[in-house]
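Okay, so chain A shows up in both of these, paired with chain B first and chain C after.
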Partner chain A sequence: MTVWRRLLRNPLTVFGLVWIALLLVCFFAPGLLATHDPVRQDVTLTHLRETPNAEYWLGTDAYGRDLYSRVVWGGRLTVQAIVIALGIATAIGVPVGLFSGWRGGRTDRAIMWVVDVLFALPLILLALAIVGVLGTGLVPAMIAVGVLLSTRFARLTRGVTLAEREELYVDAAKISGLGSPTILVRYILPNLMPVLIVQVAIISAVILLVGAVLSFIGVGSPPDSYDWGAMLNQGREQILAFPYQVVPSAAAIVITILAFNLVGDGIRDAIGRSSAPPKRRPRRDAREPREQFEHPDDALLSISGLSVEFPGANGEVSCVLDGVSMSVGRGETVCVVGESGSGKSMTVLTALGLTPEPGRRTTGEIRFDGRDLTALSERQWRTIRGRRIGMIFQEPVAVLNPGLTVGAHLVETLRFHLDLDRKAARQRAIELLKLVRVPDPERRVHEYPHQFSGGMAQRVGIALALACDPVLLIADEPTTALDVTVQGQILELLEETQQELGMAMILITHDLGVVAEAADRVAVMYAGQVVETGTAAEVFGAPQHPYTQALLATMPQHHHGHDGELTVIPGVVPSPASWPAGCRFHPRCSEAIDACQNTHPPTGDDPERLVRCLRVHEIDPQPRAERGASDRNVVEEPS
Partner chain B sequence: MSLPLLEVDDLQVVYPGRKRFLRPAPPPIRAVNGVSLSVGRRRTFGLVGESGSGKSTLARALLQLAPITAGTVRLDGADVTRVAAGELREYRRRVQAVLQDPYSSLNQAHNTAVIVGDPITVHRDIRRGRERDEMVVELLAQVGLSADFLHRYPAQMSGGQRQRVSLARALAVHPDLIIADEATSALDVSIQSQVINLLRRVQREQHVALLVIAHDLEVVRHISDEVGVMYLGSLVERGGTDDVYRAPTHPYTAMLIASIPVPDPAEQAERRATRRRVAIDAEPPSPADLPPGCPFANRCPLAMDVCQTEPPPEVRAWHGGTVRCHAHTTGPALGGADISDHLTHSTRSTT
Partner chain C sequence: MPKYVAVRVLAVVPLLLAVAVISFGLVGLLELRGSAAEQILQEGATPEAVAKLEAQLGLDDPLPIRFVSWLGGAVRGDFGNSLLFSDASVGTLIGERIWPTLSIVAVGLIVGSLVGIAFGLASGLRPGGRVDRSLSVTSAVMIATPGFVLAIFLVIVFAVQLGWFEPTGYNWPGTDGWWAWLRSITLPGLALALPIVAVVSRQLRSSMTNALASRYVLAARARGLPSTHVVGRHAMRNAMIPTVTVIGFQAAGAIGLTVAIERVFALPGIGSLLVQAVSQRDIPVIQGSLIVATLLVAFVNLLVDLTYGWLNPRIRFE
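Coming up: the complex of A and B.
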């Protein structure tokens, strides 16, 4: 449905589709479009070589035949040629590709060797050779073209099949007991369809071109026919006497090839989601009153009332961050905790001026060390990012360039920011690796990222972030991709270097255990809002927001032994496009009352201990063990 | 004592190194290196280990998706180490799975009616139609999904809902054993507990046995009767869940347990102290280049000379399970006792 809508949004694709539809009419009922008999010559010799006029829309040729009607009937031949060649190409190519990709190994190599050889030979020369054997005519020519083009489908299908074969759903189908033919036809083929459709459109253009060339040189349709290629040749004979005669058939060929390619591109874009950002519409309304906090003056980084919007699919705007406020003091560790989509990464990215496209910061103040960060130029940012604020990411290996040694990464950073000479930078790089306890740093500084394990690569990531003695370190899920025994080492390393260098740190995580280990203060986020802040002792010892309470209670650690059900938070995490009105947690909250459905909960006045809940004064501050709630009755999101 | 449902004896999965032109063949990768375990009828066995420990390879081998190099697997006493093609379907009916990634384990091109219905057609020969759809709706009800989900596609469902559909698909054929390979690890915290409860309830009501594979120790602890700890292809300790967690007999188990972060600052500080005591800042060896002795030796605070040269024997632990560690037979010769008191202070990191 949406693919169709995206397809029809592009005017060029619509043009291509209309043109192809017209061609189909030419195929099934040329009489509907043609105004004259395409082969009747003008025996009166009065209407030879006419240019377009009311009677002959595209003029007439040297024998007085109506060029418009000939083009229409030629369309019929074109479609016929494409259907034959395409039918043969897919009927051979797709099964061969499926078989080859599915079997893999030696069979695959043998088949692909043959396919590659065929693929490498020039198409038209081979077609000529085959026509020489089968005899001239459009049908033999197209059979030849179909056989040759089947290699393209075979290669494509085989590539996709090889990739799909490794997908988990194929394993799942095998475990279900389905046989290979069923898996290929019912499971893999449907996933192949989008790519095949694109290929069909583009190959159609190739077939048309090759067919036209063959007819032009007289081995396809008979020289006298209304095949577009043959017509082009007839025009060529008249090129000195009546140059116009080549125009209608040439235009038909060009426009048709263009149409096929436009449709192919359009389908590819529609499937792969157009890269062009959708149009922005103005904000509908200022939905919620936003709190603006006065953070303490000595805060190192303070974020106040930060909102970020993303344009959605239908011109809607989704507000992925909504009035987020938090602050970090010097030397302090603040943990931002929340589930996926709660906006924790978005908050720090926006604070660093790196809001992902097409997002846009709409409101909010960001102050760092007394400076307003919202108005910085890209040039000014460079003196802050990577220098005064270091950043660590979740996938340590992905951050490093596989073509550069670990030392080169560090040296580059040091030279760029600190203007060190090469020797001093190298010395410092080794010191940094020592600081993050990479064993044998003098040797490992010359190694490449792929020679480092996940934990060691993350140490390099930390060394990079620490290179310029930042005053603030932002770590976005630094241990999520690591094993649990390595996680402990990395957390400890972070803490020790932080103390050594006197940095402040913002640690983003979904793991409350990590928070408990590292945090001085905590900000809990849910659905783009901060729902609770406080010191670690406050948030873990006396959580006030029902979400924090429930989150703590769902942890299996709270159920020692293995009797009884785990506490659950019913429902699903909402997406930014469908955030509930009122309190965003109310549909899943065990404490919700009617007022929660339409009241924006207040957060209180203390930015150091805010709780975004209407019933904050009525709720017991403790982890909430909401037992049982047999999940057979769990309310599923009606999406 | 009746026969266990699944018995795995000295199972090995070895992948040969890929040959390269004019270069010596790289050493084989021992992904699973002599694992023995058994799962009782209607019981839950939890398998924990970090990445590269071979736990997922073990699961794939048991599902007949990875080739078994040596050892035996028995289901109900019958040898199923290498199931013949003709008997594979019956084996698949008895052993089902819920796989890790809820996004790629369901085919995007099919709706729930087909995803859950296809196994019914294969194993019970009920063709597509109303009867099959009714059965699917009933299965969906068992996993807490309404009948509306019958015509939904994976793209229209959340991660938790997809894992429910995966479970319904596994239940469709009334299996004896369900292997859950990291079935909850891709889910949000608040959704994870829903799925864990569901697995437990389904197990109780449908009388299936579960083999739960996870890197999250707390998930395994909550759900399992028995637990096995894997490290680099070896099962280093196996025993009753509560016993193993309370008083582990293998230093790796102790280190793993001390590494679980708990959401309680005070307890977490205590764990950190333990972790400092047991953890050595070293990297695990590569599965392609295992040391001749104990694979854990280079990270073990108790490591002795013998650990570098000889693989540790499997000995009976105090909790009735087994442990593979030299410390129980030589050196302190603990004889299967709780190891926590013997973990000495070790200097962390040598640099």
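Coming up: the complex of A and C.
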């Protein structure tokens, strides 16, 4: 139902559907649309080669036959050709694909080998040869085309069947004793239908094209037929005397192919798009205060009052970062924590001038080593990114170009920033791999990203970030995508190299254990805002914001002696489009009072120790689980 | 890589074998309905003519044996003799006719791919820009316009109305000069190229958009690499992988369309040879030109596969 509605909302799809409906009328009742006899020639010779007029809507051809009526009757032949070829193609292709995909194994490989070979053959030429040997005519031609096109349906069906076969509901059906044919018809066919319908639309266009070519060269329909391809050839013969004559049949062919393509695209889009309607953003108070702080003098990187907006549906904007401030001093480690969707990655990417499209920084200052980063040109940025600030990403393999060797990544970075020659850069690349403890670096430097495990790829990621001795390292959840056993090694490597090279580091992480171990200072983010900052000792020892307290309560060491019960914060981080008014955490906060629903909480005056909570002075500073599970354990000071 | 190349080259063999089997199977089908020679010559054929044709086609032997001996000849380039063109060898006929077809297919594929890549790049780099907007409107119509339909309109406008080109005919570079040759294949080449431009640019636009949104492009920018380098080396390389596949799909279609394009421009190519042979049931010529056309398709696909393997290291290691 919703698919239909989405389909009909697209005017191009509607156009395609209407055109196909008209073709069906041509097929079932051409007399309903035609105004003249399509084959009667004008014996009086007074209406030859007319351009469109009231009597002959699309004009007449060299024999005085009405072109409009010929196009209508030609539509009938077109539908007939498509029905024959499509019927044969699906009747062969779908069962073969079902069988091949369902059986799998050697049968599947053998069938697919044959199908692949047939798939690669030139369709038009083969159809032509078949018609040539077996006798001309549209019907034998379309039978041949149908047989050849069945490979398309076989491939598609086989793919879907192979995937569906592994689904749980198919297992369940098997266990409950249903036979293969029943399962195929009742469970797999319905899942196949949508893709099959899209394919039918596309293949219809192909059939029309092949049929038109065959008739055009005179081996499909007879040369004087009103088949569109034959009409086109009749027009071609009049190209000097009456060039207009090709237009009606050419237009019929082009518009019909267009209609099939449009319908195919429309259905694909309608099925493919997620069914969730765009959410409406609640009205937000425009006078919401946005704190800006003086940049600390000794800071290496300081971010102040940073906001980023994304254009949403219906011309509204959603604000994904809202007045974010944080700073990192030379040689210092700042950890940014918070659940997914709180804006941690967005903050560091924006700091590097790499806000994802179509996002836009609306307010805020970013200073790095005394320079205003917001005013940099693309050329100036290049002296900072990769050179003075190194970035490590969450997905270690995806951030490497699959088409280039690991060495090529390192060499290009080194050569661009450090003006090294190729040989020196390669030497340095091997040294860097050695530094991040990739075994056998001389060999691995020539290997491609897909030959690296996640952990090894992240070591390469670290080597890339360290390549030019940056003063600041930004690590965006560097261990999230890795095995637990590898996580420790990577973090250890990060900390060691940081101390060795004396870099500052911003470490984004979910893992509060890591924070406790590594952080000098901590920034806690929630729903696009910083809700608490402080030294690690302050934040861990005396957390003041209820969100921080709740986060700390989820740490595993707070659970021992409590039946291993895992504490979670109820609810999820809302998406930027539906952030609540007032304090953004209030719907999930156990300490919330009525005022939290409509008052923007202040953050205090000290940029080194912010707490964004209305009740900051009333709440007991300690980690606690939400919903009553309070005063559980004393947190030991981080070492 | 050498192993990958070898596997791809060998993959051509079953393709050609399949065409051979199909074209021979057709004769077999013909024989199910009675004497093939009588059907080919149609009514009114003298018994002597039928006997001569039967001897020429070697119809006395059973089909499998004929297939093997024909295959043995075909491997050496000997496809037998034509039934109609005064007993000329099929190999000679094809040798004469291959050049016009090769010329227009090469022009169509090369020009179509290059222009398509240029447009796709321009619209992929600036989505919503001028090139992108004009392309999104025209490409749907261009994709829906078959090359041979377009060809007729190219003739009407550029040959009949403007007189820039001759409407029909092929000029041999050896006798008529290169310039005349180029003029005679421009319009047919263009007719093949324009739909390819539409398909290729559409594909490259979408894969370029994906590549630019990828993590490795973000990471390359975060390493401070200049944007020309990021686009040229990182995004383009990966965006070309699906685009190259699409170009390969276009090859078979373009070669098939030559039968109609050659009719529009009256070009003496393989396509028109095949059409002629089909209308006369000149079976050796049908078989020969089908094999050669398939060889052409297989050759283009081989080039595509090798480019694909060069762009995508993962496939080389499988």
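The rule is simple: the second predicted complex is superposed on the first by the 374 of 639 C-alpha atoms of A that agree within 3 Å, B and C clash if a C-alpha of one lies under 4 Å from a C-alpha of the other, contacts with A are read in each partner's own complex, and residues count from 1 in each chain.
As a convention for this text, a residue touches a chain if its C-beta (ideal position, glycine included) is under 8 Å from a C-beta of that chain, and two chains touch if they have at least 3 such contacts.
Model, not experiment: these values are computed from the prediction.
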* Could you say whether A:S377 touches chain B, chain C, both of them, or neither, answering first, second, both or neither? => neither
* Asked: So, does A:T46 touch the first partner chain B, the second partner chain C, both, or neither?
  -> neither
* Asked: Once the shared chain is lined up, is A:V399 touching chain B (first), chain C (second), both, or neither of them?
  -> second
* Structure fact -> Touching chain B in the complex, chain A uses residues 167-169, 171-178, 186-187, 190-191, 339-340, 434, 437-441, 453-456, 483-489, 491-492, 510-517, 519, 536-537, 540, 550-552, 554-557, 559, 561-562, 565-570, 572-573, 588, 631-634, 636-639
* Would you tell me which residues of chain C are touching chain A in their complex? => 14-15, 18-19, 22-23, 26-27, 29-30, 140-141, 143-146, 148-149, 152-153, 155-156, 160, 167, 213-216, 218-227, 229, 233-234, 237-238, 241, 252-253, 255-257, 259-260, 263-264, 274-275, 277-279, 281, 283, 286-287, 290, 293-294, 297-298, 301, 311-314, 317
* Asked: Taking the complex as given, what residues does chain B use to touch chain A?
  -> 50-51, 60, 63, 65, 88-89, 92-93, 95-97, 99-101, 104-110, 118-119, 122-123, 141, 144-146, 148-149, 156-158, 160-161, 166, 169-170, 172-173, 188-194, 196-198, 200-201, 215, 217-219, 221-225, 241-242, 255-256, 258-265, 267-268, 272, 275, 279, 281-284, 349-351
* chain C touches which residues of chain A in the complex? -> 113, 117-118, 120-126, 128-134, 136, 205, 209, 212-213, 216-219, 232-233, 235-236, 239-240, 243, 246, 250, 253-255, 257-258, 261-262, 349, 352, 354, 356-357, 378, 381-387, 391, 393, 395, 398-404, 412-413, 416-417, 448, 450-451, 461, 464, 467
